[in-house]
Amino acid sequence: MTWPLRLDADRFFPADPATRSLSRRLFAEVERVPILSPHGHCDPAWFALDQPFEDAVSLLLWPDHYILRLLFSQGVSLECLGLRPHDNAPFETDRRAIWRRFAGHYRLFRGTPSRLWLDHVFADVFGIEVRLEPETANYYFDAISAALENAAFRPRALFERFGIEVLATTEAALDPLKHHAAIRASGWPGRVITTFRPDDIVDPDREDFAINLGRLGELTGENASQWSGYLAAIAARRALFRAHGASASDHGHPTARTADLPKVEAQALLDRILRGRAERGDAELFRAQMLTEMALMACDDGMVMQLHAGSWRNHNPWLLRWFGPDKGADIPTRTDYVGALKPLLDRIGARADFTLILFTLDESAYARELAPLAGHYPCLRLGAPWWFHDSPEGMLRFRRQTTETAGFYNTAGFTDDTRAFLSIPARHNLARRIDCGYLAELVVTGRLDEDEAAEIAIDLAYNLAKTAYRL
Amino acid sequence: MTWPLRLDADRFFPADPATRSLSRRLFAEVERVPILSPHGHCDPAWFALDQPFEDAVSLLLWPDHYILRLLFSQGVSLECLGLRPHDNAPFETDRRAIWRRFAGHYRLFRGTPSRLWLDHVFADVFGIEVRLEPETANYYFDAISAALENAAFRPRALFERFGIEVLATTEAALDPLKHHAAIRASGWPGRVITTFRPDDIVDPDREDFAINLGRLGELTGENASQWSGYLAAIAARRALFRAHGASASDHGHPTARTADLPKVEAQALLDRILRGRAERGDAELFRAQMLTEMALMACDDGMVMQLHAGSWRNHNPWLLRWFGPDKGADIPTRTDYVGALKPLLDRIGARADFTLILFTLDESAYARELAPLAGHYPCLRLGAPWWFHDSPEGMLRFRRQTTETAGFYNTAGFTDDTRAFLSIPARHNLARRIDCGYLAELVVTGRLDEDEAAEIAIDLAYNLAKTAYRL
Amino acid sequence: MTWPLRLDADRFFPADPATRSLSRRLFAEVERVPILSPHGHCDPAWFALDQPFEDAVSLLLWPDHYILRLLFSQGVSLECLGLRPHDNAPFETDRRAIWRRFAGHYRLFRGTPSRLWLDHVFADVFGIEVRLEPETANYYFDAISAALENAAFRPRALFERFGIEVLATTEAALDPLKHHAAIRASGWPGRVITTFRPDDIVDPDREDFAINLGRLGELTGENASQWSGYLAAIAARRALFRAHGASASDHGHPTARTADLPKVEAQALLDRILRGRAERGDAELFRAQMLTEMALMACDDGMVMQLHAGSWRNHNPWLLRWFGPDKGADIPTRTDYVGALKPLLDRIGARADFTLILFTLDESAYARELAPLAGHYPCLRLGAPWWFHDSPEGMLRFRRQTTETAGFYNTAGFTDDTRAFLSIPARHNLARRIDCGYLAELVVTGRLDEDEAAEIAIDLAYNLAKTAYRL
């Protein structure tokens, strides 16, 4: 027996009939609005080369750390999902077998957003009409393989079908950006832009930090072991990214700590680090200082700054050793913003020409810290619910805990933040539905007028991201 | 085109029809219950002098840090809202222009409680029937100006119209209380009482701390540089406040930390501070000790004690320098209560004749710390959702996260905590509606009987504040 | 006038009619599923001896710290509730008077789960049809006394009537387990098993720690002052508990901190502690190390491990001195899991043959730490909402904040964790209703299919506990 797969036309709207009916009206006006995806991790090579995607496993399963982590949590080894361990121990190579294994565990995803995104991809992108289960696994594998051979499923065709207006990828500071150059050179009108992500050259805890600084110096002709040369080199890389479309930088730090050191202390700090004499706290202080430096550069070059703070990367050292990063072993930590951001805010918090978009994995900061900060400082905007919180309940908590203090206009619209390209429409669709449901609730409970809700729905779906990210 | 302004008769009630209908029944019985306002920041001069209010800007905009902060967060300078910078740089003086500027940004307040309070003031206090927008700004300014010339809009008339039974203002410990004396001497029957707020004489981090202690000594004839004289002087000020109607003290501290030092250590601490030899942590320890001392005095003189902990005051130093405090730049911080209050509770936590009302800006403490503490210690009561959390969602979170552990009877009723006098009815109306909606939900989901809900609705609207604040 | 007492057939279901109707359908299929109670604090003597319970006060009031704490918080002394102070000061001995006092304060429990559980016990276990109030107190006392004389109200008869399949009690590591032996020897088929709770032999902060280690050595013939002997002795006790049915150990620690010390350091640590030379942090480090040791033993002997972290036991020293522990004076604290559990997880986090069930009193950890950890590490499962959070709102927060990241299948089913034996059916009934309402909501909002919800309802009510606790 198989079960039908269908996307409920009223999905994610509140249950109350009056609220639901208004949600539906609001959503009808934003459903087809073009997608702005100003932060994410798609591979620019897809759009530069426009090669067909391979199969269901390499397209939908391997790149998705949400899927890998939940399977792993229930004892499914990464080897048997086809991931190659670094010691070349045996691993599954039969992709159909891998897909069948995934289908056999699909029930694990009940109640998670992964399930909602995947079902949307299956039903809406591939037109599949039965639920993924052991019984339908082969059918799925074949149907997806067949579709991917079709020209309509090539990256550029999907980009256009999805109605994407802008898609930002994320590249490390030393990336040559050749795929972005190729996209521009190709004449294809799809707007795929890069984002400047300098973690590899600002984080002294990375093993390759000194090497990266050497490379940074070579690429820019600056002496990156001197503080002023180091900053000039970074400014040069930022300019290159700007030339490849970047409107924003992105910073993934363990904490939100910032600092504002005199130049001489910054030089001494850099010296200690490069000479292997770093003291306890130096790496954190260096990253903190670099957030402020990046903010100052943003004031100069007009790039928007994003801060993704509070993830303990690679919490499971065993997984890192054998399978590398981004396999679902990053764990959020408690994160302070009020004290952490003060040095940066003391310096340029009141500048309305600078924009810092804050993301958090610590929801306890929404109402206590982030909404009050964003509801005061002109430079601050609140990023969309991030990662584990990019979900129906997570989005509702975000709205309920930030709107009353920060309003809607100190938020920065939705970011899908994904490398799962096919799920981008699913994610925006979900976010728009949740927002429309929330707005409908405000109207039905006498907190907003309907004409205002309709206007805000478009702001949340499109205008706020456009403005905040300067797209 | 202008939009109508109307207050939905069912506003803030749950959407579900059965729950809404019961909410309406419960609210009908508490809507007209007199207002107890046992904590707030109205100016007693209003009621002493009973002068007409000036205009919409000085009455509704300038005193309201909720409004200033959100406008500032979107790049509206305080100068162009008419606030005079301390360096006397240019600032807007045309009040109509300021009001128009506010109207032009009124959309920023969508989804915030400020919008709900203001609309209530516009519609219910002033009888305005169109929404505030750029197109209606002049009409608003004129209508409000005209109304304020009317005797019915003088402070005492409004006090009576609003059905206020008691209004507590807040005065610093050295305040001469002349307006309160004048109110009493005037024969006007409105009950406006003071509250003893001694932050200026217990917080060594204030620049004027030593000066204040000198003044405290003069006023009381005690030697305030000696520990015993200092305490005696404070007791004398408390007695004076009691004589001017005070039923409560209020304490605004960065943390909830308390201490219980032997007298000799307290004297040594005071000595270090007054001699400019304070060590790191001394100021915090001094404030901590003073919370316990105030609690002990409360056991003697019968005043109720309120603790408002966890605000990082004046987070934006630039704003403080040019515009002073209370302009919307205070940011909440993570706040511990379990360890912090222990010294005080160890000393007098079991005394049922002492009442300490706890407020928080850190909602994560509701279910984890505050409700368990209040559900055990006889002296503790939970204050209403404070400041950023004085909002529909904030109030619901408070009830949902505290009731199951602390019940209703360890809470202290609603406090509007406002200097926006005209919004007091709006705030109590909102709080009563949210509470009735919550109670209705308990009944509809089989957690409470309707007769009990009706009784609790009155307790929350009136009786709990009356008892907790000993009014 | 008295009020009727009736349990609403739709209680605890969402108010929305469509969601409620589906909740009812889902619940109908799980209402009668046998009860698994894999963690709690019932007295095994009840089932060994099968003596009648005494009266309403000793059965329902005295053992229930939820009741004692809320009465105490409103100034009702424990003496006047019949608790004997350690100094033998006067205390109430008239049980009817105590019951009447309780009835007089029953309104305090409005909105709390205690009220819901008690009403279920009154209505469903005793068949009472009027609400508990001062007017009905005598009737209640007499009705309950009369019922308890009836053989149908003896412990074993109730156990059977309640449909309990397994009931786990909790015994300290040195407990002789004679009641469990007697139950088994009696031939009564009820499955009452023990749980290994070694806090008394792993917590150096206990005054009797050294004495307990001495006793541990005697009981096992090991030298418990040597690290290896100490571990061997504990393993021997675990084996004894296993032989008395234990499938799990349980650990109540102030924090979730774990450690992984080399043996020589562990020996040195034990030495310092036993010789009275413990340094600051040693007790915490010892407990941390012992969590890892217990986990390692669990890998060997197959016992499941439960961690109940984050309670500040006996926060009120006065109450502890005069009335002892477990009288409602334990207060939760902020609790870290991400760093705290890392040493243990680094050692055995990826073992799927080991199960560690995590409980928390700090709900801010649900979405931030616990769900991400459980959604990655194969050994981790999330325990049911604990203690203050074992309530309608608490359960909903748990589901809403963990499901999207950890799914349903990384949770461990419901545990009633109670010594209030008569409330066990009430608690499971409540939990099942809340879960069915949550599942119905997922279906109605298009996040789950109904057939899946029905399957999950049984998983949550029965299968997950069965599997996680290896029952």
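A, B and C label the chains in the order they appear, each numbered from 1.
In this section, contacts are C-beta pairs under 8 Å (C-beta built on N, C-alpha and C of every residue); 3 or more make two chains touch, one makes a residue touch a chain.
Here the structure is a predicted model, which means the values were calculated and not measured.
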So if I superpose subunit B on subunit C by CA, what angle comes out, to the nearest 5°? 120
Have a look at where subunit A meets subunit B and say same if over half of the interface residue numbers show up on both copies, different if under half do. different
Averaged-CA centre spacing for the pair subunit B and subunit A, given as whole angstrom: 40
Give the residues of subunit C touching no fewer than two other chains, as numbers and ranges. 14, 16, 364
Of subunit C, residues touching subunit A in the complex: 14, 16, 18-19, 336, 338-339, 342, 345-346, 349-350, 352, 364, 367-369, 371-378, 380, 400-401, 403-410, 441-442, 444-449, 451-452, 456
Subunit C contact footprint on subunit A (complex, rising order): 3, 7-8, 10-16, 69-70, 72-75, 107-113, 115-116, 131, 312, 315-319, 328-334, 361-364, 388-389, 391-394
